[in-house]
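Sharing a structure below in C-alpha coordinates format, with a few things to ask.
We just call them A, B, C, D and E in the order they show up, numbering each chain from 1.
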Amino acid sequence: MRIGRVINSIWATRKADSLIGTKLMIVQLLDRPHGELGPIIVAADIIGAGIGEKVLVTEGSSARNMDNFNDSPIDSTIVGIIDEEKDKLAEVSKHA
Amino acid sequence: MRIGRVINSIWATRKADSLIGTKLMIVQLLDRPHGELGPIIVAADIIGAGIGEKVLVTEGSSARNMDNFNDSPIDSTIVGIIDEEKDKLAEVSKHA
Amino acid sequence: MRIGRVINSIWATRKADSLIGTKLMIVQLLDRPHGELGPIIVAADIIGAGIGEKVLVTEGSSARNMDNFNDSPIDSTIVGIIDEEKDKLAEVSKHA
Amino acid sequence: MRIGRVINSIWATRKADSLIGTKLMIVQLLDRPHGELGPIIVAADIIGAGIGEKVLVTEGSSARNMDNFNDSPIDSTIVGIIDEEKDKLAEVSKHA
Amino acid sequence: MRIGRVINSIWATRKADSLIGTKLMIVQLLDRPHGELGPIIVAADIIGAGIGEKVLVTEGSSARNMDNFNDSPIDSTIVGIIDEEKDKLAEVSKHA
(Lines give C-alpha, C1' and ligand atoms only; values in the text may rest on other atoms or scores of the structure.)
Protein backbone atom coordinates (compact mmCIF):
# COMPACT_ATOMS: atom_id res chain seq x y z
CA MET A 1 0.00 0.00 0.00
CA ARG A 2 1.05 3.67 -0.25
CA ILE A 3 0.58 6.63 2.08
CA GLY A 4 -1.03 9.70 0.52
CA ARG A 5 -2.98 12.87 1.28
CA VAL A 6 -6.41 13.68 -0.17
CA ILE A 7 -6.06 16.99 -2.05
CA ASN A 8 -9.35 17.27 -3.90
CA SER A 9 -12.46 15.53 -5.13
CA ILE A 10 -13.09 14.97 -8.84
CA TRP A 11 -16.17 14.87 -11.09
CA ALA A 12 -16.67 12.89 -14.28
CA THR A 13 -20.29 13.10 -15.46
CA ARG A 14 -19.60 10.87 -18.48
CA LYS A 15 -18.09 7.71 -17.07
CA ALA A 16 -18.30 3.91 -16.94
CA ASP A 17 -21.72 2.81 -15.66
CA SER A 18 -20.08 0.74 -12.91
CA LEU A 19 -18.48 3.94 -11.50
CA ILE A 20 -21.80 5.77 -11.11
CA GLY A 21 -22.24 6.56 -7.40
CA THR A 22 -18.61 5.83 -6.56
CA LYS A 23 -16.88 8.67 -4.66
CA LEU A 24 -13.55 9.52 -6.36
CA MET A 25 -10.85 11.50 -4.60
CA ILE A 26 -7.57 12.98 -5.88
CA VAL A 27 -4.70 11.73 -3.68
CA GLN A 28 -1.09 12.93 -3.68
CA LEU A 29 1.11 9.98 -2.79
CA LEU A 30 3.72 10.57 -0.06
CA ASP A 31 6.00 7.67 -1.01
CA ARG A 32 9.19 9.47 -2.04
CA PRO A 33 12.30 8.62 0.04
CA HIS A 34 13.14 12.13 1.29
CA GLY A 35 9.61 13.47 1.85
CA GLU A 36 9.20 14.97 -1.64
CA LEU A 37 5.70 14.95 -3.12
CA GLY A 38 4.87 11.80 -5.08
CA PRO A 39 2.57 11.11 -8.05
CA ILE A 40 -1.05 12.25 -8.14
CA ILE A 41 -3.66 9.49 -8.47
CA VAL A 42 -7.43 9.14 -8.24
CA ALA A 43 -8.79 6.63 -5.73
CA ALA A 44 -12.25 5.30 -5.02
CA ASP A 45 -13.33 5.98 -1.43
CA ILE A 46 -15.91 4.22 0.70
CA ILE A 47 -14.16 4.94 4.01
CA GLY A 48 -15.24 8.61 3.97
CA ALA A 49 -11.88 10.38 3.72
CA GLY A 50 -11.98 14.19 3.62
CA ILE A 51 -9.75 16.68 1.83
CA GLY A 52 -6.50 17.08 3.81
CA GLU A 53 -6.65 13.68 5.50
CA LYS A 54 -3.66 11.29 5.36
CA VAL A 55 -4.80 7.98 3.87
CA LEU A 56 -3.67 4.46 3.02
CA VAL A 57 -4.14 3.57 -0.68
CA THR A 58 -4.14 0.14 -2.31
CA GLU A 59 -3.39 -0.14 -6.06
CA GLY A 60 -3.80 -2.78 -8.77
CA SER A 61 -6.23 -5.71 -8.70
CA SER A 62 -6.22 -5.70 -4.88
CA ALA A 63 -7.99 -2.32 -5.04
CA ARG A 64 -11.09 -4.19 -6.22
CA ASN A 65 -11.23 -6.29 -3.02
CA MET A 66 -13.38 -3.64 -1.35
CA ASP A 67 -17.15 -3.27 -1.10
CA ASN A 68 -18.65 -4.33 -4.44
CA PHE A 69 -15.80 -3.06 -6.63
CA ASN A 70 -14.98 -6.56 -7.86
CA ASP A 71 -16.37 -5.99 -11.36
CA SER A 72 -15.48 -2.28 -11.53
CA PRO A 73 -12.65 -0.72 -13.55
CA ILE A 74 -11.01 0.55 -10.34
CA ASP A 75 -7.23 0.30 -9.82
CA SER A 76 -6.81 2.49 -6.68
CA THR A 77 -8.84 2.52 -3.47
CA ILE A 78 -8.55 4.33 -0.13
CA VAL A 79 -8.45 1.50 2.47
CA GLY A 80 -7.75 3.47 5.63
CA ILE A 81 -7.43 6.91 7.22
CA ILE A 82 -4.10 7.21 9.06
CA ASP A 83 -4.16 8.35 12.72
CA GLU A 84 -1.70 11.24 12.46
CA GLU A 85 -1.34 11.66 16.25
CA LYS A 86 -0.17 8.10 16.90
CA ASP A 87 2.03 8.44 13.82
CA LYS A 88 3.85 11.42 15.50
CA LEU A 89 4.11 9.67 18.88
CA ALA A 90 5.79 6.68 17.22
CA GLU A 91 8.20 9.09 15.47
CA VAL A 92 9.06 10.74 18.84
CA SER A 93 9.48 7.47 20.74
CA LYS A 94 11.74 6.15 17.97
CA HIS A 95 14.23 9.00 18.58
CA ALA A 96 13.86 9.03 22.44
CA MET B 1 -6.73 5.67 -11.56
CA ARG B 2 -4.73 8.46 -13.25
CA ILE B 3 -5.73 11.77 -14.76
CA GLY B 4 -4.60 12.36 -18.36
CA ARG B 5 -5.32 14.34 -21.52
CA VAL B 6 -6.12 12.74 -24.88
CA ILE B 7 -3.49 13.98 -27.36
CA ASN B 8 -4.07 11.84 -30.42
CA SER B 9 -5.67 8.74 -31.86
CA ILE B 10 -3.58 5.82 -33.09
CA TRP B 11 -3.87 3.23 -35.87
CA ALA B 12 -2.54 -0.32 -35.97
CA THR B 13 -3.82 -2.22 -38.99
CA ARG B 14 -1.96 -5.38 -37.99
CA LYS B 15 -3.07 -6.15 -34.45
CA ALA B 16 -4.52 -8.79 -32.13
CA ASP B 17 -7.91 -9.99 -33.43
CA SER B 18 -9.55 -9.12 -30.11
CA LEU B 19 -8.54 -5.46 -30.61
CA ILE B 20 -10.26 -5.14 -33.98
CA GLY B 21 -12.95 -2.45 -33.65
CA THR B 22 -11.56 -1.11 -30.37
CA LYS B 23 -10.95 2.67 -30.40
CA LEU B 24 -7.41 3.40 -29.14
CA MET B 25 -6.36 6.86 -27.98
CA ILE B 26 -2.96 8.27 -27.03
CA VAL B 27 -3.17 9.81 -23.53
CA GLN B 28 -0.58 11.97 -21.78
CA LEU B 29 -0.80 11.27 -18.04
CA LEU B 30 -0.99 14.33 -15.76
CA ASP B 31 0.16 12.55 -12.60
CA ARG B 32 3.45 14.31 -11.83
CA PRO B 33 3.58 16.15 -8.46
CA HIS B 34 4.32 19.67 -9.75
CA GLY B 35 2.20 19.67 -12.91
CA GLU B 36 4.94 18.39 -15.23
CA LEU B 37 3.86 16.18 -18.13
CA GLY B 38 3.72 12.46 -17.30
CA PRO B 39 4.23 9.31 -19.38
CA ILE B 40 2.43 8.74 -22.68
CA ILE B 41 0.18 5.66 -22.84
CA VAL B 42 -2.41 4.20 -25.19
CA ALA B 43 -5.86 3.51 -23.75
CA ALA B 44 -8.94 1.80 -25.09
CA ASP B 45 -11.95 4.10 -25.17
CA ILE B 46 -15.65 3.28 -25.22
CA ILE B 47 -16.72 6.46 -23.42
CA GLY B 48 -16.16 8.59 -26.54
CA ALA B 49 -13.34 10.88 -25.40
CA GLY B 50 -12.10 13.43 -27.94
CA ILE B 51 -8.64 14.86 -28.54
CA GLY B 52 -7.94 17.54 -25.91
CA GLU B 53 -10.35 16.18 -23.30
CA LYS B 54 -9.19 15.53 -19.71
CA VAL B 55 -9.87 11.88 -18.84
CA LEU B 56 -9.70 9.31 -16.05
CA VAL B 57 -7.62 6.23 -16.97
CA THR B 58 -7.57 2.83 -15.26
CA GLU B 59 -4.51 0.58 -15.72
CA GLY B 60 -3.66 -3.09 -15.14
CA SER B 61 -6.14 -5.97 -14.95
CA SER B 62 -8.89 -3.59 -13.75
CA ALA B 63 -8.77 -1.97 -17.22
CA ARG B 64 -10.43 -5.14 -18.56
CA ASN B 65 -13.51 -4.65 -16.32
CA MET B 66 -15.17 -2.54 -19.01
CA ASP B 67 -17.53 -3.50 -21.82
CA ASN B 68 -16.40 -6.87 -23.23
CA PHE B 69 -12.67 -6.30 -22.72
CA ASN B 70 -12.40 -9.19 -20.28
CA ASP B 71 -10.57 -11.47 -22.69
CA SER B 72 -8.69 -8.69 -24.52
CA PRO B 73 -4.99 -7.85 -24.15
CA ILE B 74 -5.89 -4.36 -22.84
CA ASP B 75 -4.02 -2.85 -19.86
CA SER B 76 -5.30 0.78 -19.99
CA THR B 77 -8.85 2.05 -20.45
CA ILE B 78 -10.49 5.50 -20.37
CA VAL B 79 -13.22 5.18 -17.68
CA GLY B 80 -14.42 8.78 -17.47
CA ILE B 81 -14.26 12.27 -18.96
CA ILE B 82 -13.44 14.82 -16.26
CA ASP B 83 -15.73 17.87 -15.89
CA GLU B 84 -13.09 20.61 -16.09
CA GLU B 85 -15.46 23.40 -14.93
CA LYS B 86 -16.37 21.74 -11.62
CA ASP B 87 -12.68 20.85 -11.27
CA LYS B 88 -11.81 24.63 -11.34
CA LEU B 89 -14.65 25.61 -8.98
CA ALA B 90 -13.38 23.11 -6.42
CA GLU B 91 -9.86 24.55 -6.82
CA VAL B 92 -11.21 28.12 -6.22
CA SER B 93 -13.37 27.18 -3.24
CA LYS B 94 -10.40 25.36 -1.68
CA HIS B 95 -8.38 28.60 -1.59
CA ALA B 96 -11.35 30.90 -0.68
CA MET C 1 -0.71 -0.05 -23.50
CA ARG C 2 2.61 1.59 -24.41
CA ILE C 3 4.18 2.58 -27.71
CA GLY C 4 7.64 1.16 -28.41
CA ARG C 5 10.12 0.31 -31.16
CA VAL C 6 11.52 -3.18 -31.74
CA ILE C 7 15.34 -2.90 -31.47
CA ASN C 8 16.47 -6.51 -31.45
CA SER C 9 15.52 -10.14 -31.01
CA ILE C 10 16.75 -12.16 -28.05
CA TRP C 11 17.72 -15.79 -27.45
CA ALA C 12 17.47 -17.82 -24.27
CA THR C 13 18.20 -21.49 -24.89
CA ARG C 14 17.64 -22.40 -21.23
CA LYS C 15 14.16 -21.14 -20.40
CA ALA C 16 10.75 -22.05 -19.01
CA ASP C 17 9.22 -24.92 -21.01
CA SER C 18 6.11 -22.84 -21.70
CA LEU C 19 8.26 -20.24 -23.50
CA ILE C 20 9.73 -22.75 -25.97
CA GLY C 21 8.70 -21.65 -29.47
CA THR C 22 7.64 -18.18 -28.34
CA LYS C 23 9.26 -15.36 -30.34
CA LEU C 24 10.78 -12.79 -27.96
CA MET C 25 11.70 -9.28 -29.10
CA ILE C 26 13.57 -6.48 -27.32
CA VAL C 27 11.43 -3.31 -27.38
CA GLN C 28 12.45 0.22 -26.40
CA LEU C 29 9.41 1.97 -24.97
CA LEU C 30 8.63 5.47 -26.35
CA ASP C 31 6.48 6.60 -23.43
CA ARG C 32 8.51 9.49 -22.00
CA PRO C 33 6.77 12.91 -22.05
CA HIS C 34 9.29 14.82 -24.20
CA GLY C 35 10.26 12.09 -26.66
CA GLU C 36 13.21 10.75 -24.63
CA LEU C 37 13.90 7.02 -24.89
CA GLY C 38 12.02 4.90 -22.32
CA PRO C 39 12.81 1.61 -20.58
CA ILE C 40 13.91 -1.49 -22.50
CA ILE C 41 11.64 -4.53 -22.15
CA VAL C 42 11.27 -7.96 -23.74
CA ALA C 43 7.88 -8.78 -25.27
CA ALA C 44 6.41 -11.93 -26.73
CA ASP C 45 5.35 -11.47 -30.37
CA ILE C 46 2.85 -13.41 -32.45
CA ILE C 47 1.93 -10.48 -34.68
CA GLY C 48 5.18 -10.73 -36.63
CA ALA C 49 6.86 -7.42 -35.76
CA GLY C 50 10.27 -6.78 -37.32
CA ILE C 51 13.29 -4.90 -35.99
CA GLY C 52 12.71 -1.16 -36.43
CA GLU C 53 8.91 -1.35 -36.42
CA LYS C 54 6.82 0.84 -34.07
CA VAL C 55 4.59 -1.39 -31.94
CA LEU C 56 1.86 -1.37 -29.31
CA VAL C 57 2.80 -3.32 -26.16
CA THR C 58 0.51 -4.60 -23.40
CA GLU C 59 1.98 -5.33 -19.95
CA GLY C 60 0.91 -7.20 -16.83
CA SER C 61 -1.68 -9.99 -16.65
CA SER C 62 -3.47 -8.59 -19.73
CA ALA C 63 -0.38 -9.58 -21.76
CA ARG C 64 -1.45 -13.22 -21.30
CA ASN C 65 -4.80 -12.60 -23.09
CA MET C 66 -3.20 -13.41 -26.43
CA ASP C 67 -2.96 -16.67 -28.35
CA ASN C 68 -2.33 -19.47 -25.82
CA PHE C 69 -0.22 -17.42 -23.41
CA ASN C 70 -2.75 -17.82 -20.62
CA ASP C 71 -0.62 -20.22 -18.60
CA SER C 72 2.74 -18.76 -19.65
CA PRO C 73 5.04 -16.61 -17.48
CA ILE C 74 4.65 -13.69 -19.95
CA ASP C 75 4.15 -10.11 -18.69
CA SER C 76 4.64 -8.14 -21.97
CA THR C 77 3.19 -8.84 -25.41
CA ILE C 78 3.24 -6.99 -28.74
CA VAL C 79 -0.46 -6.52 -29.63
CA GLY C 80 -0.18 -4.33 -32.72
CA ILE C 81 2.12 -2.78 -35.31
CA ILE C 82 1.50 0.96 -35.53
CA ASP C 83 0.81 2.47 -38.98
CA GLU C 84 3.49 5.18 -38.97
CA GLU C 85 2.11 6.98 -42.05
CA LYS C 86 -1.35 7.59 -40.59
CA ASP C 87 0.40 8.52 -37.33
CA LYS C 88 2.25 11.36 -39.17
CA LEU C 89 -0.88 12.51 -41.06
CA ALA C 90 -2.73 12.87 -37.77
CA GLU C 91 0.22 14.85 -36.37
CA VAL C 92 0.14 17.19 -39.42
CA SER C 93 -3.64 17.67 -39.40
CA LYS C 94 -3.47 18.46 -35.68
CA HIS C 95 -1.21 21.47 -36.36
CA ALA C 96 -2.96 22.56 -39.63
CA MET D 1 10.16 -9.20 -4.81
CA ARG D 2 11.98 -6.16 -3.35
CA ILE D 3 14.38 -5.75 -0.47
CA GLY D 4 13.41 -3.14 2.13
CA ARG D 5 13.91 -2.04 5.73
CA VAL D 6 11.08 -1.66 8.26
CA ILE D 7 11.17 1.96 9.50
CA ASN D 8 7.97 2.30 11.46
CA SER D 9 4.56 0.87 12.22
CA ILE D 10 1.36 2.65 11.21
CA TRP D 11 -2.14 3.02 12.65
CA ALA D 12 -5.40 3.54 10.81
CA THR D 13 -8.36 3.28 13.18
CA ARG D 14 -10.88 3.89 10.35
CA LYS D 15 -10.10 1.28 7.73
CA ALA D 16 -11.53 -1.51 5.56
CA ASP D 17 -13.12 -4.19 7.74
CA SER D 18 -10.94 -6.87 6.14
CA LEU D 19 -7.81 -5.04 7.40
CA ILE D 20 -8.90 -5.09 11.04
CA GLY D 21 -6.29 -7.07 13.00
CA THR D 22 -3.73 -6.94 10.20
CA LYS D 23 -0.32 -5.63 11.30
CA LEU D 24 0.84 -2.87 8.91
CA MET D 25 4.46 -1.75 8.74
CA ILE D 26 6.11 1.15 6.90
CA VAL D 27 8.95 -0.19 4.74
CA GLN D 28 11.63 1.80 2.91
CA LEU D 29 12.52 -0.11 -0.26
CA LEU D 30 16.24 -0.62 -0.93
CA ASP D 31 15.93 -1.28 -4.67
CA ARG D 32 17.83 1.66 -6.16
CA PRO D 33 20.89 0.73 -8.28
CA HIS D 34 23.54 2.63 -6.30
CA GLY D 35 22.24 2.07 -2.78
CA GLU D 36 20.11 5.22 -2.62
CA LEU D 37 16.91 5.03 -0.58
CA GLY D 38 13.87 3.84 -2.55
CA PRO D 39 10.14 4.52 -2.24
CA ILE D 40 8.27 4.20 1.07
CA ILE D 41 5.43 1.66 1.12
CA VAL D 42 3.15 0.05 3.69
CA ALA D 43 3.16 -3.75 3.87
CA ALA D 44 1.06 -6.25 5.76
CA ASP D 45 3.16 -8.42 8.06
CA ILE D 46 2.44 -11.83 9.51
CA ILE D 47 6.08 -12.90 9.70
CA GLY D 48 6.71 -10.68 12.75
CA ALA D 49 9.25 -8.21 11.35
CA GLY D 50 10.51 -5.55 13.75
CA ILE D 51 11.52 -1.94 13.15
CA GLY D 52 15.05 -1.88 11.69
CA GLU D 53 14.91 -5.37 10.19
CA LYS D 54 15.78 -5.98 6.50
CA VAL D 55 12.83 -7.69 4.80
CA LEU D 56 11.65 -9.22 1.54
CA VAL D 57 8.44 -7.61 0.20
CA THR D 58 6.05 -8.95 -2.45
CA GLU D 59 3.78 -6.48 -4.32
CA GLY D 60 0.68 -6.72 -6.49
CA SER D 61 -1.83 -9.57 -6.56
CA SER D 62 0.86 -12.02 -5.37
CA ALA D 63 0.89 -10.14 -2.05
CA ARG D 64 -2.53 -11.69 -1.33
CA ASN D 65 -1.12 -15.25 -1.55
CA MET D 66 -0.30 -15.18 2.15
CA ASP D 67 -2.30 -16.29 5.17
CA ASN D 68 -5.96 -15.38 4.56
CA PHE D 69 -5.28 -12.16 2.63
CA ASN D 70 -6.91 -13.54 -0.51
CA ASP D 71 -10.01 -11.34 -0.24
CA SER D 72 -8.24 -8.37 1.36
CA PRO D 73 -7.36 -5.06 -0.32
CA ILE D 74 -3.63 -5.72 0.29
CA ASP D 75 -1.04 -5.01 -2.44
CA SER D 76 2.22 -5.36 -0.42
CA THR D 77 3.21 -8.07 2.07
CA ILE D 78 6.40 -8.86 4.00
CA VAL D 79 7.26 -12.47 2.97
CA GLY D 80 10.61 -12.91 4.67
CA ILE D 81 13.18 -11.44 7.06
CA ILE D 82 16.62 -11.34 5.42
CA ASP D 83 19.57 -12.93 7.29
CA GLU D 84 21.94 -9.96 7.24
CA GLU D 85 24.98 -12.00 8.41
CA LYS D 86 24.85 -14.50 5.54
CA ASP D 87 24.16 -11.59 3.22
CA LYS D 88 27.54 -10.02 4.26
CA LEU D 89 29.43 -13.35 4.03
CA ALA D 90 28.21 -13.79 0.45
CA GLU D 91 29.35 -10.23 -0.32
CA VAL D 92 32.84 -10.99 1.13
CA SER D 93 33.21 -14.35 -0.63
CA LYS D 94 32.19 -12.74 -3.92
CA HIS D 95 35.18 -10.36 -3.74
CA ALA D 96 37.65 -12.93 -2.29
CA MET E 1 9.71 -9.22 -19.32
CA ARG E 2 12.95 -7.45 -18.30
CA ILE E 3 16.60 -8.26 -18.87
CA GLY E 4 18.77 -8.42 -15.76
CA ARG E 5 21.99 -9.81 -14.33
CA VAL E 6 22.16 -12.08 -11.27
CA ILE E 7 24.40 -10.34 -8.69
CA ASN E 8 23.92 -12.41 -5.57
CA SER E 9 21.84 -14.99 -3.77
CA ILE E 10 19.82 -14.12 -0.67
CA TRP E 11 18.80 -15.91 2.53
CA ALA E 12 15.72 -15.43 4.63
CA THR E 13 15.45 -18.09 7.32
CA ARG E 14 12.17 -16.66 8.65
CA LYS E 15 9.85 -16.54 5.66
CA ALA E 16 6.45 -17.54 4.28
CA ASP E 17 6.01 -21.33 4.44
CA SER E 18 5.26 -21.45 0.70
CA LEU E 19 8.72 -19.98 -0.01
CA ILE E 20 10.60 -22.71 1.86
CA GLY E 21 12.84 -24.51 -0.64
CA THR E 22 12.50 -21.78 -3.28
CA LYS E 23 15.84 -20.48 -4.58
CA LEU E 24 15.87 -16.66 -4.44
CA MET E 25 18.39 -14.60 -6.40
CA ILE E 26 19.17 -10.87 -6.34
CA VAL E 27 18.91 -9.49 -9.91
CA GLN E 28 19.98 -6.06 -11.16
CA LEU E 29 17.64 -5.05 -13.97
CA LEU E 30 19.29 -3.78 -17.18
CA ASP E 31 16.23 -1.95 -18.51
CA ARG E 32 17.40 1.68 -18.51
CA PRO E 33 17.47 3.38 -21.94
CA HIS E 34 21.17 4.29 -22.06
CA GLY E 35 22.63 1.20 -20.38
CA GLU E 36 22.57 2.62 -16.84
CA LEU E 37 21.98 0.14 -14.03
CA GLY E 38 18.31 -0.41 -13.20
CA PRO E 39 16.46 -1.34 -9.98
CA ILE E 40 17.51 -4.29 -7.81
CA ILE E 41 14.89 -7.00 -7.34
CA VAL E 42 14.70 -10.51 -5.89
CA ALA E 43 13.46 -13.26 -8.21
CA ALA E 44 12.58 -16.89 -7.67
CA ASP E 45 14.70 -19.21 -9.83
CA ILE E 46 14.01 -22.75 -10.98
CA ILE E 47 16.02 -22.46 -14.21
CA GLY E 48 19.34 -22.65 -12.35
CA ALA E 49 20.80 -19.22 -13.05
CA GLY E 50 24.23 -18.51 -11.56
CA ILE E 51 25.74 -15.29 -10.24
CA GLY E 52 26.92 -13.17 -13.20
CA GLU E 53 24.51 -14.68 -15.73
CA LYS E 54 22.24 -12.45 -17.87
CA VAL E 55 18.62 -13.49 -17.34
CA LEU E 56 15.05 -12.83 -18.44
CA VAL E 57 12.72 -11.88 -15.55
CA THR E 58 8.92 -11.88 -15.48
CA GLU E 59 7.11 -9.70 -12.91
CA GLY E 60 3.60 -9.46 -11.49
CA SER E 61 0.98 -12.22 -11.47
CA SER E 62 2.56 -13.81 -14.56
CA ALA E 63 5.60 -14.63 -12.39
CA ARG E 64 3.43 -17.28 -10.66
CA ASN E 65 2.85 -19.16 -13.95
CA MET E 66 5.98 -21.22 -13.36
CA ASP E 67 6.44 -24.58 -11.69
CA ASN E 68 4.12 -24.73 -8.66
CA PHE E 69 4.35 -21.04 -7.76
CA ASN E 70 0.66 -20.50 -8.39
CA ASP E 71 -0.27 -20.14 -4.72
CA SER E 72 3.02 -18.55 -3.65
CA PRO E 73 3.58 -14.89 -2.75
CA ILE E 74 6.05 -14.53 -5.65
CA ASP E 75 5.99 -11.45 -7.92
CA SER E 76 9.29 -11.94 -9.87
CA THR E 77 10.66 -15.09 -11.49
CA ILE E 78 13.67 -15.86 -13.68
CA VAL E 79 12.18 -17.43 -16.85
CA GLY E 80 15.29 -17.74 -19.02
CA ILE E 81 19.05 -17.44 -19.21
CA ILE E 82 20.06 -15.20 -22.12
CA ASP E 83 22.60 -16.56 -24.65
CA GLU E 84 25.10 -13.71 -24.52
CA GLU E 85 27.04 -14.87 -27.60
CA LYS E 86 24.05 -14.80 -29.96
CA ASP E 87 23.06 -11.51 -28.36
CA LYS E 88 26.44 -10.00 -29.49
CA LEU E 89 26.25 -11.52 -32.98
CA ALA E 90 22.84 -9.91 -33.49
CA GLU E 91 24.28 -6.59 -32.31
CA VAL E 92 27.19 -6.89 -34.82
CA SER E 93 24.99 -7.93 -37.75
CA LYS E 94 22.67 -5.01 -37.02
CA HIS E 95 25.50 -2.52 -37.58
CA ALA E 96 27.14 -4.44 -40.51
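Everything below uses one rule, namely that contacts are C-beta pairs under 8 Å (C-beta built on N, C-alpha and C of every residue); 3 or more make two chains touch, one makes a residue touch a chain.
Predicted model, so just to flag it, every value in this text is computed and none were measured.
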When you check each chain against chain B and chain D, which touch both of them?
-> A
Counting in whole Å, what is the centre-to-centre distance of chain B and chain E, each centre being its mean C-alpha position?
-> 32
Just curious, how far off is chain D from chain A if you go by their C-alpha centres, in Å?
-> 20
Give the residues of chain B that touch two or more other chains, as numbers and ranges in rising order.
-> 38, 60-61, 63
Running round the ring (origin chain A, first step to chain D), the chains in order = A, D, E, C, B
Touching chain D in the complex, chain E uses residues 8-16, 18-19, 24, 26, 28, 36-43, 51, 60-61, 63-64, 71-76
In the complex of these two chains, what residues of chain D are touching chain E?
-> 1-3, 30-34, 38, 47-48, 56, 58-63, 65-66, 77, 79-83, 86-87, 90-91, 94
